[in-house]
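This report refers to the structure that appears directly beneath it.
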Amino acid sequence: MQTKDINENIAWAKINEDVLRSMENPRMGYWVALAACVAMIMCAVLAEIYQYQVGMGPSGLNWPHMWDLYIATFVFWIGMSHSGTLLSAILHIIQADWRKPIYRFAEAMTLFSLMTAGLFPIIHLGRVWNMYWVLPYVSDRGIWPNFRSPLVWDAFAITTYMTSSALFLFIGMIPDLAICRDNARGWRQKLYTVLSLGWQGDDRQWRHFRRIYLMMACFLIPLAVSVHSIVSADFAMSIMPGWHVTTFPPYFVAGALYSGCAAIITLFILLRYFFRFDEYMTIPIMEKTCKLTFAIAMVWTYLNLIEFAATWYGHDPVAKELLIQKFIGPHAPFFWTMLFCGSVLPFTLAFEKLRRHMPTMFVVSLFLNLGMWLERWMIVTPTLSFSHQPFAWDIMWPSMVQWAIVFGSFGWFGMLFLIFVKVFPSVSMYEVKEMVFHRRHYHSDELESKFHRRAGDRQSDADPSREGA
Amino acid sequence: MFVSNKFLSKRRGKGVGQGKVSQCLAMFFSVLASVFIVAAAQAEVPNAKPPTGTHSGEDVPQPIEFPHDIHADINGINCMYCHTYARRSKVAGIPPTSKCMGCHSIIATDKPRIKKLTEYWENNETILWNKVHDVPDFVHFTHEKHLQRFVFKNEGMDVANVSEVCAFCHGDVKKMTVAKKVKPLNMGFCVRCHEANDGPSDCWKCHK
Amino acid sequence: MSGSDINRRDFLKFMGLGGVGAATLSGCDMPTTITLEEGKEKVVAYLAPEEYAIPGIGVTFASTCKQCPSGCGVHGRVREGRVLKLEGNPDALNGKGLCQMGQASLQGHYNPDRITQPMARKGGALEPVTWEEAWKLMKEKASGAAQGRSAWFTGTVSGHQSVLLSALNKAWGSKDHYVYEAINNAVGEAVNKSVLGDAAPAYRLDKAKVVLSFGADFLGTWVSPVHFSREYSKFRTGDRGVLIQVEPKMTLTGGNADLWVAARPGTEGVVALGVANVLLSKNQVDGKQLPQAALDVISQYGVDKVTEISGVPGDTLVRIAKYLNERSPSLVLSGESAHGHANGYQNAMAAMMLNVLLGNVGETIEASNSMAFDELKAKHGNSKAMLDFAAAADAGKYDVVFFTGANPVYTAPDHLAMAEKVAKVPFKVALSMFPDETTMAADLVLPLSSPYEEWGTSVSPYQPTDAAISMSQPLMKPLSAETKSLGDILLSMLKYQGIKDYEGFDDYYAYLRSELDGLPGSVKAGKDGDEFWSAAVQRGVIKVPTKAGSLKVNLGDVSPGGHQSGGDYPMHLIPSSNQTMYDGRNANLPWLQEAPDQITKIFWDSWVEMHPKAAAKLGVKEGDFVRVESDQGAVEAQVYIYKGVHVNAVAIPVGRGHEEYGRYAKGNGVNPLKILSSIVDGKSGELATHATRVRISKVGRSEELPRLGGSEVQVGRRLVNTVSADVFKRTEGA
Amino acid sequence: MSLKNILENWSHYRRAHEEGGHHEYEHMWGMAIDLNKCTGCNACSVACYAENNLPTVGKDRMRKGQGLHWLRMERYWDEPDLGGDDKEYQERGGSFLPMMCQHCNAATCEPVCPVAATYHTPDGLNAQVYNRCIGSRYCSNNCPYRLRYFNFYSYYEESWPEPLNMQLNPDLSVRDKGVMEKCTFCIQRIRTGKDAAQREGREVKDGDVVTACAQTCPTEAIVFGDLLDKDAQVTKLWKAQEVELGRAKQDKSDGELRGYRVLEGLNTDPCVMYMDRVREA
Amino acid sequence: MKRYYVMGLFSNFEEAFSTISEIRQHAIPGVTVDDVTLKSPIEHPEIEEILGDRGSPVPKFSLFGAIFGAIFGFLFLASAQANFLTQPQGGKAIITLPSNIVLSYEMLILFGVLSTVIGFMINARLMTKRHPLYSEKVSLDQVGVMLELDEKNVDSLKELFKKHKVLEIREEVSQ
């Protein structure tokens, strides 16, 4: 049983070779997946064209459900974007080096989730063609966006977050892009030459590189927290029951980390399987991720429970009525599914056997994501269904247009990710080298290994010959 | 009085002050800052009281090529003699055919354009003019308010005559034959003048 | 700003449609349409405008609403030659208020489905013809009709139209003028006539302290709803009165009642007797106002018996009696749901008996101010006219029938087979604005102008305070040059018949002016000629001196009449009328189709109101389709469940289920009138609309009810708080 | 856009405009609706359709909840009447509540609009500028009264087929798809009334401006006017009911006054006062 | 005198470091450790001990950027609000601190990040042409030690390299 995060005897050249290999010669399966993603996007594009031409009507939105899946899915994707950058930054600062093999794709996931999420506030606008009015640009009309609106905060926050995480991803990738440049030919070489910005690995570059990476990590941690707090402000700043909740900022951040971690597990397993990254995306790293996810799940559960308690014992009859409606009303099936997926299912992560069983984890992580998606839906819609004015109570089911666009957003994300893994190294080569180097020379892993070691495992670990140098 | 009004006229364009920054920072930020501040400052340059802006209008074909120059300039007819509703209604109004005929049943009856006019009149046919100065339908402009203020009350203006006031938005019609749109008549055009002259800043004045 | 002494005809001639700034449409834009192309829009130059007509500024003209027989006065706001909005005329009976039907009558005027030219039946289908051809057809078919073999079938008519119509009938030697209204108060009028000697006395709600209404929906459709709403407002303020509504299905009035009592359909008279019984026995009300025969009948209806027959609990009767006894004066009304039975006349009589017993006659029921000019009075419709017409048409009595203002083919029950009977008439002329069922069954269709395009006078059937002639004047140039006003057509027909009296008039306008000039000096108040005319047109109403009326009391038999068992058809059918569709004439107005019913909040469709118990028994829930089947047929509609309908009854609103009548009406909902049984009121001969017995069965289909609003209750939010009348009187009472 | 401007007028810009801000308003249009008089007849709603170019959307869209009705007549049944099966019938009718935009002084819709399409006018109105609206619909979500309606479709062609479009009021825009809209207290009538007063060189007096709903109401249950005008009927009604702007929960001394504002506890400070329905006990 | 760039490629850090240690101890006269450029696939964690602490001004860029972003952000928002044609007030102040703080915070981070990146680009001499002596092996698994030195010292340096098991030596004339 593998207990080490990584085999420290792995050769640097092999790391280069393995990762670069993953970037070339897409197999048939890749093209099929890409085509499937594009097809999904086409569904969404057709739906959006229809919606653009006819108006928001076909989306099935109504009075009082002015928002529905679009905003729920927006929050979902924003949430998913959080783990990559935030975990990468936190783990970098606390020097948890097991992040190194997995942070690259997690950050890419962040960027692409953001790119997906950013589409939704645009799609949901009644007059898409005027969306730039949200941005503070100088016009001679003397009018500005309303800076009080949390939607404008969203625009600022998402722009900042997208810029910063894209830069974070890019900066962290520069040494790897140099490796790619050195090994590539043809168009790829031209591309990587430009992108690697003339990186040559000299000590000056490395020195500044270390500082910038640390500085950006420092910026990104509060940024990521603020971004999801701001997204929660879309709801918390309102006076609607079920939205106007003081615990929303931490609740959203926890939910975001949770769904992000779940997505990391999903992609971890997929990459590990398809790119045969068994040596880098090792089961111990998986286990660590799972433990982290479990911890976050429990935080999320706790925040849920205190929200229920605060509402139940609070003095707002409107909010209480809404809570009752969530429990037993028309949304109850989704609500309980969400609670099951979000709070009960993560207990599978507490068992080592299950944690180490990749197919189980794959399925579980999908369900966790489903739960998180439902969470967002259950935040947005029941409040609109059962708000202050009982005459305006209503229930609705989203139309095919909304579903198609939500469905297509997964295709969009998938497509971006698929393109990414073939164009950019999805495992950080230089950092895995660092990790290997570090473990080889400082033996930090040894203590840990001892700590975890079990009698039955000793043999396999003790055999260094298996993992060649 | 609405709170922001009195401050609108006080705006003067000056950039946000910056301290000393390192060379690199200065280079970088000057680019960025120029996007926001410099452009903003330029937009805030106080206007002369009549609104500014020009527009090169197209020639609009009309059923009868009405010569504004002959009427308003050579004969010095007041604009409101024909556009009679301007002082009491939203719309300035096109002169009714009866008004044209009031003079032209005697004057210049042999001119081809007048013959055309007479033909309309005798056939009891309304003339469909093509609209030159059009604003979007969500803009509810009122001639009455503007004329009452700038012509009749002569508030804060040193205006010699009506046509000068009309020229704020319609250009020097006196020098035109068929009217042409020579001012942009867009929101910035309106807003700058409202700011300069303490006009109302309530959106609902014009948009409703 | 009302129109002054101007020549309105010239105004209309010169005022082009549209005017300056013709197209003021479309607000916000797609990016493609934001560019303003110069010279794209047109500006209309007037030929020779009147001084008062300033583009951009609205001018108000008075006219009269014809959307229901009440005939409220309206002010129309006109801009650039288009009438944009109607308001109530403060000088008219309705005051400044207007009901939703009146507001929506504009959509009748601008309706896209209006008939714009004459049509004649050629080989089965109606095809457009010119007026010349139409007149030619009239000459061939109508004028050739033998003496007495022609008839008119109209809705309520009054004023000079009525005068011309009578003259025309006289010229043709026919006495047959059927005046039909599907929603009417004919039974009540018959009782009033027999008891009080006045068919339409003035009901003084404002004076009453208690109003006990047996199904009279005076806020909704009964007699003159806007006027009664104003009275109701006074009734509710100051020393606030109590409103008790006894009816099997909650009407708008019931929806505002302090006490709503569900009585088994047709037993309203029994309830009235029971209340009288309690009053006499428990409250020691003096019964000497009543004849002995009535007292005898009352004594038979003790509380227990009444409860057994009507299902109204004894304590409710006692409560009603207590209100009536303690607060005086009171007013007892009876309406549609009490009248529409085989014993409807007795029900109305029993209600009248309560008025007599409580001494309301002369107090809250006053003699009407009947107008001096009998020939101008409204000929108010009833449904007996339709039954009679059906019989006469079936017997082949007519060669020519003229239809206007009524739609019998739509409103007649199936058992009358009205379509077939109409078809038996060799030549049918419909004078109509819309392609309704009757119009489409006609051989010749003459397009009418809308009430807002024509000159006219009318007299409201209900004249409580002052008698008045309402003026109609065109608010704008006719939308279609081919339409003509009913007055003009009648006048042309009269001239055509060679009646000398009318030959001097160019058109109806000229006729009206000369007729009004001929009014006695007492009416004209010293004004003459143009001055009087313009004053009349400006004000919209001409107040007319009244003959002081008087009321007698001559109470008839108050025994309530039998109560039939349903047999195979256990449930009662209530074809309820409401202020949206009225009798179906409003079904082509999208505003009213979209306006939710006041009680159920359902729009655009028909529904079946059921009591929760009845629904539970049948096993249906809200939105399920049910089949309502009478001995005459069946209709299917969705169920709405609430406790405002009697457990043994289902209510279906009248007015939808058109087969013709334009895009908004066609194929929308069902028509419950079609399945009415052939029961008539024994005494008045009116169609017993509420007497039909039905059975209900599940269809098995279900759909979301087209209904506005979510929760039916406030879930404790106290959006509408209710305070007791005691508190109100203490703080705000007079 | 100068720093000087900000610094000089800092205190002005930083003042909360909810307290004592009303004296800065030119007018404060308000309503008083007597639910004792209101019969729920819906005339106000149709009058609003007629005045404000509201489209009819048809059965299916209306059922979906995509209709537009700036003034909706809400009807509630009394809870005791529905509760349990012990009562066979309703003892009273419904509670009718005409709901139009409440023109809150602390409107929840205003701060959330990303493009400031909704704001407060110097007339104390909650404005909605259609041509600025981008259709984020946040305002509607944040309106506790749910009084904002959205143009889910472009209705012009289908709701006003020729010649129905000739009825359209040229004084206000016809809204296109993707735009939020709501009751404006008949802003075009307010403008007309003020213009007329100005033309005649006088102050606007009570009765110069009447909204379509108030004008048509058969029972005169709706009273509209300027709350800053001491002689206005609406002001007197507010005073008599001891309801004041700027106070979240009205402190009514004897507890028997009928005036209240809907969802007052939310501190939205609406300009529409309702008066309790009255029924015999 | 001609100056040369000389680079030796080593198979691991130990060998490269021992080379540098000797240079540090003036194994070659006139050549100091400051002339050494180390090229490596990763950054050695203890590189300061060998090359000395050469410092990095990147954090200063971050600080300046962040401060500028916050101040600029706040002033930008405040001036926009103060000069807004029509203010949506909703009972609140015109310049609202809560929203401005939130947005200034975002601006702080945005400008901080941008400024950091720019600082990095400038300081790390990125976006310049690669050195002619750059070897692709450096990005694989070898460690390069490069010096710029006078012609006379080239041979002794090569000696030094060889002593420490250099794998490959490249040289180029400095321009």
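Order as written gives the chain letters A, B, C, D and E; numbering starts at 1 within each chain.
Note that in this section contacts are C-beta pairs under 8 Å (C-beta built on N, C-alpha and C of every residue); 3 or more make two chains touch, one makes a residue touch a chain.
Bear in mind the structure is a predicted one, so any value in this text is a computation, not a measurement.
Asker: Tell me the fewest steps from chain A to chain D, where a step is a jump to a chain it touches.
Answerer: Each step joins two touching chains, and the minimum needed here is 1.
Asker: When you take the mean of every protein CA atom shown, which chain's own CA mean is nearest to it?
Answerer: Going by the distance between chain centres and the overall C-alpha centre, it is D.
Asker: Comparing C-D against A-B, which pair counts more contacting C-beta pairs?
Answerer: Counting C-beta pairs in contact, C-D comes out ahead.
Asker: Can you work out the whole-Å distance between the CA centroids of chain B and chain C?
Answerer: About 53 Å, centre to centre.
Asker: Using mean CA coordinates as chain centres, what's the gap between chain A and chain C in Å?
Answerer: 65
Asker: Once you find the CA centre of chain C and the CA centre of chain E, what distance in Å lies between them?
Answerer: Centre separation, chain C to chain E: 89 Å.
Asker: Give the residues of chain A touching no fewer than two other chains, as numbers and ranges.
Answerer: In chain A, the residues touching two or more other chains are 127, 136, 141-144, 146, 148, 152, 388-392, 394.
Asker: For chain E, what residues touch not just one other chain but two or more?
Answerer: Within chain E, residues 75-76, 79-88, 90, 92, 94, 114, 119 contact more than one other chain.
Asker: Counting only residues that touch at least 2 other chains, which ones in chain C make the list?
Answerer: In chain C, the residues touching two or more other chains are 21, 24-30, 709, 711, 713-717, 719.
Asker: State the interface residues of chain E toward chain D in the complex, per the touch definition above.
Answerer: Those in contact with chain D are residues 75, 78-84, 86-95, 97.
Asker: For a test of understanding, state which residues of chain D touch chain C in their complex under the given definition.
Answerer: 35-37, 39-43, 45-47, 49-51, 56-59, 62-63, 67, 69, 72-79, 81-82, 85, 87-97, 130-131, 133, 156, 159, 161-170, 173-176, 178-179, 192, 212, 215-221, 254, 256-258, 260, 262-263, 274, 276-281
Asker: Taking the complex as given, what residues does chain C use to touch chain B?
Answerer: 16, 20-21, 23-29, 34, 36, 38-49, 54-57
Asker: Which of the residues in chain A end up touching chain B in this complex?
Answerer: Residue list for chain A touching chain B: 136, 138-142.
Asker: Quick check: in the complex, which residue numbers of chain A touch chain E?
Answerer: Listed in rising order, the residues of chain A that touch chain E are 11-13, 16, 136, 141-144, 146-148, 152-153, 156-157, 159-160, 163-164, 167-168, 171, 174-175, 178-179, 182-183, 197-212, 215-216, 218-220, 222-223, 226, 230, 233, 430-431, 433-434, 437-438, 442.
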